[in-house]
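The two complexes that follow have chain A in common; it is paired with chain B in the first and with chain C in the second.
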Partner chain A sequence: MGRKILLEHIDKPGIDQIESYIKYGGYRSVSKALKEMTPDEVTEEVKKSGLRGRGGAGFATGLKWSFLDKSTDKPRYLLCNADESEPGTFKDRLLMEKIPHLLIEGMITSSYALGCNTSYIYIRGEYMFILRILQKAIAEAYAKGFLGKNILGSGFNLDLYVHPGAGAYICGEETALIESLEGKRGNPRIKPPFPAVSGLWNCPTIVNNVESIAAVVSIVNEGGDEYAKTGIGKSTGTKLISASGNINKPGVYEIEMGVPVEEFIYSDEYCGGIKNGLELKACVPGGSSVPILPKHHLLYESNGNPRLMSYESLSEGGFATGSMLGSGGFIVYDEKQCIVRNTWNFARFYHHESCGQCSPCREGTGWMERVLHNIEYGHGKMEDIDLLWDIQRKIEGNTICPLGDAAAWPVAAAIRHFRHEFEYHVKYRNRVFDEDHVYQPEMKAQLV
Partner chain B sequence: MTQTEQITFSQKSMEEMDRIILQYPPDKKKSALLPVLHIVQQENGNWLSTEVMDKIAKILDIKPIEVYEVASFYSMYNLEPVGKIVIEVCHTGPCMICGAEKIIAHIENKLNIKVGETTEDKMFTLKTVECLGACGYAPMFQIGEQYYENLTIEQVDNILDSLRKEKEAIN
Partner chain C sequence: MLKVTIDDISIEVPPGTTILQAARMIGQNVPPAMCYYSKLEGSGGKCRTCLVKVTKGSEKDPRPMPKLVASCRTGVMDGMEVRNETSPEVIDARKGVTEFLLINHPLDCPVCDQAGECKLQDLSYEHGLAKSRYEFKRREFEKRDIGDKIQLHMNRCILCYRCTQVADQLTPERVHGVLNRGEVSEISTYIEQAVDNDFSGNMIDVCPVGALTDKTFRFKSRVWFTKPMLAHRECTTCSGKVTLWFQGSEVLRVTTRKDKWNEAEAFICNDCRFEKKKTEDWTIDGPAHIDTHSVIAQNHLPFELPVVQKNLPDAL
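On to the complex of A and B.
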């Protein structure tokens, strides 16, 4: 069994309530930080820990914190990104539902490090039932003196609020999140200026994912060096992986960075193998935005070594043979799944979620969706496959925010690794799937 | 009196709105817009009429267009009347490969409506939505605030039948 840092106490009775949470060591990091450490010392520990942002991009958290503009007398804000809308991702939800005080504790300690006296948790509107859990936990923390004025007699003040979104994937992008929190449409801003200089209400702002902020608790308690002992290379600590798709045991797992992908899929401790005795076909290892990999690239790096669950190993080989750890949304496909249909489904998602500000994204995502729909439903032409390739290339890198790239990469990877399936759809004109969209193996055999 | 002036919200909602407005700096009342729209939508039959939105603009000291442009951007706000029970089935990739399409087809047959439509008795509206963060518990749908996960056809029947009975009992 791997080391558990975030979910160690998740099964303890009443852990969602403050008494029980404190009994199992909760809120120690608040008294330690506020009474024994300066804010910069807290940031220093986060730097030492090597913690990388758990929201998808994997940017070093301590380094990001050091960019916060402290030269003005404007208020500073810490925003927790609990938008969790990347398809395949459902890890933050577990943390907030089951052990809400861990996030609140992390928010207090992190706000202290950053010098914020007001902080917000931006949670997707569909998680309204979790917003209520968080609000209850926040009220408990106020009552115990961990929030409010002069926390634990330290002179530090903090108010913490939960703010709901209302159904828009784009609001997970940090500048769209800020716009949304200001009561506007979720249109991403052009960077620079970066939020650390000019964010919420034009004040210096840090945006961090739920899991990143929760990790700060253990980093402060045990020290950054201790945290960095878990994991592998520049992927320190543990990571929550939400596993879905055609596996025996879907769910959220806290893994030590560095577990082999093969072990993660087949071991009973984790996914428990492919459902219904079928074969593994492909996997999207880090949320819908990252490249899909066929089985052999998923399990092995380009040098033949086993691929591991870490930032470096999952991206080894670049986009030619690798992918990304992303948000940890691990989607597994069995041999009966249709790559064309899945690619069309994701393209529809990105088209639906494009905010519409930049033409390559607004028009390109819609175009890709239509072309993929045609191919999937037997109306495609061979040239359409090259057309798709061309469209995705013209989106990538040409947009205000990374949603454009996120829409382009899954299409590129599907064509790169599964071009034969697209050709098959075109060649045979009718679908190779029964009415449940399940692959017909007999028909697949004609393919090769 | 204009129609907007006739709109009133319950005491409870007004108090809730006042509490929310205090979460933001006094000159940033507009930030309360999203949470406030959730409250009034729930109170007004699960959709936002122009009159309701105009009233919110007054409460938050912003222009009506600032409310409309937000309400039309976010998928959780309904700008048309909907049924008493809105079924939102996730149809994104991970749910799709775990049987979401069968669940959708079953509900369409059972209620005799297509996705996006409302039953004649105004009881049910069927919608498809994008990933709700329940991919490991697929197939799933959301009704109101509640998630229903790991659905089977039988469970769908039971859930919808009992919700219908509940609503009919209230009337």
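On to the complex of A and C.
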């Protein structure tokens, strides 16, 4: 059984109430940080912990904090990115819904470290019910004196607000989030300048994922070095994985970094194997935007070692044979699932969510979606597969924000690893599905 | 001063200059810019046609930049080395962007008033494919009047955002912006209001394509049949320095004076643009310079006549 850091107390009754939360050791990090540590010492602990951003990019949190421009006398802001919209990812929801005080505690400690007196939690519009849970928790924290003026007599002031978005995927991109929070259209900004220099209202700003901020609590409590002992290599600590798809036990699991992928899928402690006794076909290990991997690449690295659930191991081999840990949206496909249909579904999502600001993403996502729709519904041509490859190549890396890459990678990986399925769709246009529109691998087996 | 090298040509530029501006200072191998407009704050970075490859970040940090960067929004660093037209990767990306810009463009150049001075035409001439690979229905919008003198034809729009920036930055009221998201986003006014201010006509001039057209000029003539003349008048609202486009002795339209990069030298007011269409309203300064590459120049004698024989009496 792996160590639980974030979800340790999730099953305790009344943990969403501040009294129970304090009973189980809550808000210790606030008093420890504010009374015993300087802000720089807190940042130093986060650096030592090796914590990497849990939102998807995996950028070192401590390093990001050290970029915050402290030379100006402008106010500084900490924003919590709770705009969890990546298909396949639902970990932050669980954290905020069940243990809202963990996030608030992390926000207080992190704000203290960064010297922010106003902080915001930007939550996606679909999580309106969680907004109310958070607001109630914030009110409790104010009543107990963990928020507001002169917190615990330390002289540190902090106001914490929750702001709902209107349900746009793009507002999870940090600069689009800032624009949206400023009350503007959620278009990503052109970088540089980065938010750490000029972010919210042109003031230095740090944007962190919910899980990263929640992890700061235990880093302060037990010390960065101690936290870094959990995990493997440069992937320290634990990670919440949202497991979904054709598995026996979908849900959110907290794993220690370094659990083998095979164990994660088949062990009863985690996903519990593939549903209905079918074979594993493929898996998207980090949310819809990371490349899909077929079984042999998923379970083994290119040198034959078992692949582990960590930032390094999952990205081993580059995109040719590897993928990314991303935000931890672990989507498993059994042998009956159709990769073309799945790729079309993802492409449809990115087409819908593109902000329309820069041309490759605005035009390219729609184009890919239509070509994939044609292939999926039996109107495709062989040239379309190469056309798709060409379109994704011209989107990737040429856009303002990473949404273009996120739209291009799944298509690229599907063609790279499952080109035969695309060709099958084109060749045998009417024979791919049964009446329930379920993909028929037996038919393919006859042909290969 | 910072030293920057673009396509093996070096130049020293003041700090704060972008790569595109530095290339314009050099004067050759200039990346095309569909959305960047030096007179408008915050413009650029959107169309991605000006992508360049930075092969050396700076003298201090010589690492190359991992992705292609938008030259209009990337500041130069000392010792930076940039590849524009000498990089196959850049040309390839530019071709891709051109194709993306064209897939939903109606290509109705034969009936478009912008034809002949359209930047998208130039771009597709240089970087476009001979044949479109897009086989789906192009997106369509209704034509709409924004103000009594300006028509918006969203089908042709490439969403460069220049016109919304004009509305934002030249005039006090913001009535004009982008609605919807992604592929179906469109330029619109707030609940279909008219854009009603003294400088609204400038959005026609900043539009790189034919999405915003002057209703007093629509379908009057092709631009290459008209002759541009610089002129000025005493105007209380603007500088009064304009270009008049003549057909015979008739003024068909009035626009701003454009510089070498097709940008307005000074924005003009609607009164000068739409109301003053008689020759006697203006003092003519002389013919406007038209680049010899432009189709408009085909109707004119080039300005600098080739000197056949310098010393004619001697030859005789």
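Here is the rule we use: the second predicted complex is superposed on the first by the 444 of 448 C-alpha atoms of A that agree within 3 Å, B and C clash if a C-alpha of one lies under 4 Å from a C-alpha of the other, contacts with A are read in each partner's own complex, and residues count from 1 in each chain.
Assume contacts are C-beta pairs under 8 Å (C-beta built on N, C-alpha and C of every residue); 3 or more make two chains touch, one makes a residue touch a chain.
This one's a predicted model, so the numbers in the text were calculated from it and none came from an experiment.
When the two complexes are overlaid on their common chain A, residue A:R416 makes contact with neither chain B nor chain C. Within the superposed three-chain model, A:R185 lies in touch with chain B and with chain C [touch as defined at top].
When chain B and chain C are set side by side, the one touching more residues of chain A is B. In the superposition on chain A, A:K12 contacts neither chain B nor chain C.
Of the two partner chains placed by superposition, only chain B is touched by A:S244; chain C is not.
Looking at the shared chain after the overlay, A:A168 reaches both chain B and chain C. By the document's definition of touching, both partners, chain B and chain C, reach A:E353. Applying the stated contact rule after C-alpha superposition, one finds that A:K70 touches neither chain B nor chain C.
Contacts of A:G366 after superposition: chain C is touched, whereas chain B is not reached. In the superposition on the C-alpha atoms of chain A, the part of chain A touched by chain B in one complex and by chain C in the other spans residues 168, 185, 352-353.
By the touch rule above, chain A contacts chain C in their complex via residues 168, 170, 185, 190, 192, 351-360, 362-367, 370, 387, 393-395, 397-400.
Residues 84-90, 92-93, 120, 124-129, 161, 163-169, 180-186, 201, 242-246, 250-252, 284, 288, 329, 331, 333, 337, 341-342, 345-346, 349, 352-353, 436-437 of chain A touch chain B in their complex. Against chain A, in their complex, chain B makes its touches with residues 23, 25, 28, 30-35, 37-38, 60, 62, 66, 69-70, 73-77, 91-94, 96-98, 101-102, 129-138, 142, 145-147. Those residues of chain C that touch chain A in the shared complex are 44-49, 51, 67-68, 70, 73, 75, 92-93, 95-97, 99-101, 103-104, 133-134, 136, 158-159, 161, 177-178, 180-185.
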